[in-house]
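Report on one structure; see the data block that follows.
Order of writing sets the labels: A, B, C and D. Residues in every chain begin at 1.
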């Protein structure tokens, strides 16, 4: 499979290039970055393009890919509803082309979120703890916030009762942030990379699901899964979980 | 729903009695133990019977229930293939009756095993650690062994490669027990109750699924789920997971 | 050693009675509770009294013990500076009597706090996470707050720099409560009992110290240690750690 | 403080060079590797030399340092009793010179081992779990083996009873390796770096001490501590713990 990479000299893009070169069934035919001509993706015969670039340029890249019949696997951020609608409009004219937009390519993180949401209705209590290095600007992390939203949605759908909490006295912040009724706690500790734990509990037992991301390279198996699966999934897909067999 | 309990004065059975009495939608109509007459289950109008007794007597109990059109939820151990075949033969003559035989009623333990099996093919490495009090006679635990078998089966089915392990020197036992290619480690530490951790890893990331069982009462929500679901599942079901919505 | 127990019918006191009876080197000579006559402690020849009662009555108990030359091991709460001063005044007239006042008799909890304080100056970052059942009224727990204060004191004494934290955006409470510059997070999850984790980190490594208290019985070894040690420590001692060999 | 580095182009040595350059109170005056002339250490006026080289050459380096009155901080392996005796003989003629030989410069690992040994006599049970990447050749790890030996020694000295273990049936290896009566378990999982957990338990409670080493850079604070402390500790010191204030 012939693969082009957009954002090839960025940190993530460079890892993607290495992974595409290393895998037996993929071939890197174009490594493109800012200042390069995207036309070379078509010239080189790329069947799939991987895009880890910037919200300002990613839509131009995707219009180009769709017009040229090239599938796209996209890790660039900034996709709101209107951008996704635009992609679907473009894809309507190219029914054989597939585009995957995924906020997270770490299979471990995707499974953690999925398992947390599946398990949440079976337990009285669920809380989320995320642990990161202290140079991170936002708290809680985007992944923790998304996890809490998925937990809250699963519990709403199942008609779960509100979680018990008898706290009546204490210090501000001790019980963490409230994301749709799910408590989220963020630690910032030197030496950590990116970690998250979901703690679920019922009478007499707890279930803990923890994801530790220690190296950026953890994204590449998910990207390769996207590259290998996209041709079989024409149209727009949001979230790598749709390409994983989780049942 | 009218419920009878067999083994009502045993440790687990007594907890089941309390739980059946406490729940709003179930009523305890017969609490039977060794020496009591099982006929009272029928006399009292039990619709479902819960059996936590002994392998020596459970088959007689189940024949009685099936003959009297009473559903059964069974936590008693000792069911091999020939016993399950016998149950299916009896149930063929009572097509409206349901029997659930489950080795484990802890929903947390069931989810841990299920998630471990679903996730196993996505990772290069998977190992199991179980931690129990030091009065336990077997190592590894039955749950750990079953988890390892489920992981091994999922990986065989997915065509996963053998796990990497460069160990060439060391001490006997350091790498744990080998259960169908999955390493299983058992700790015995005073103060612990029953705990298990499945550690899955791929380049740059790990996913850890941990179950802590701290109190026998953790079995009761699963038993109640069985009681509430069994009437809608005539025939033989092995494993509570079939009554949980996990997709 | 002849031991009397005050508060003998309370939950903790009853466990202490069992432990004193079970140990080979201690003998339970008086089990006293509200309504009983404390004089029987002297009559029975108690050499040490263990007090798990109430702040309203504990000072009367201790005056009685000191006047009768009986050592005391005290787990009752509510000791402020003025009460400790009063005890020292009374003890000045009974120089052979020892009184131990301890907020915590769990040796695991004491070691966790001690190790956290010893280690804190060697790491850039330290945070505390406590996890309890959801019926608890206060957050963070008293133990977590005390741990954070000990960490803060150790770092002040060592001249440690403030901890790094680049958080500039997020949700209220996400970074926990601030106890003298140490972040403390409290989870409330059904199925948990009483747990605490101290996470310390420096470039490239983290050290985590976790204490899990699963059963009230965890207090009894510490109480017995107090009982066995108090005669050799006349005067007032605050904190069981002074009777443990930790160097 | 003027510092020379031997093994400056090795992985660890290069990190040491960076750390010495980055610290405000140390100056890198000589970076020496195989093929370079060690005389430049003296010429450049190095007060302390850090050696991360090879067992074949380290003794020559240290003789040179001691003869030239240069303190040494040594992370090179292979020091047996006879080598340490040789160093002491040389140092007898240079009473102002200090040499630190340390098997481990990670302060987190040192504290983990120390705390485990201090705590071990207070608990009925202690086990060690080490977790590493699957390219590691030995199991258990050297650190785990050393930790178990320290635990065993502390328990012997305190007269602790043997640990309880009722295991009577099971699979070979399930209970790990036996190191002087302490059970040690080794996991090999892709994605892990170097991790170790010591689990201690008594009735009703457990204490867990965990060290996670995620990056080689974790050794540098310990090396700098050695560099800053060595001048005040003439003679031979084995183990960085002697330079840490742990009481």
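Here is the rule we go by: a residue touches a chain if its C-beta (ideal position, glycine included) is under 8 Å from a C-beta of that chain, and two chains touch if they have at least 3 such contacts.
Just so we're clear, the structure is a prediction, and the values are computed from it rather than from any experiment.
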*Specify the chain most distant from subunit B by Cα centroid.*
D
*Which chain pair is joined by more contacting C-beta pairs, C-D or B-C?*
C-D
_Whole-Å gap separating subunit A and subunit C, where each centre is the average of the chain's CA atoms_ = 45
*Hey, how far is the Cα centre of subunit C from the one of subunit D, in Å?*
34
*Chain centre separation (subunit B, subunit C; CA means) in Å*: 40
*What parts of subunit A, by residue number, touch at least two of the other chains?*
123, 191-192, 200, 202-206, 212, 214-215, 218
*So what shape is it, when you link every pair of chains that touch: line, ring, star, complete or other?*
complete
*Taking the complex as given, what residues does subunit B use to touch subunit D?*
123-127, 129, 131, 134-140, 145, 163-179, 183-192, 199-206
*Sort out for me which residues of subunit C touch subunit D in the complex.*
106-109, 111-112, 115, 118-119, 122-123, 200, 202-221, 244, 246-247
*Of subunit C, residues touching subunit B in the complex*: 191-193, 212, 214-215, 218
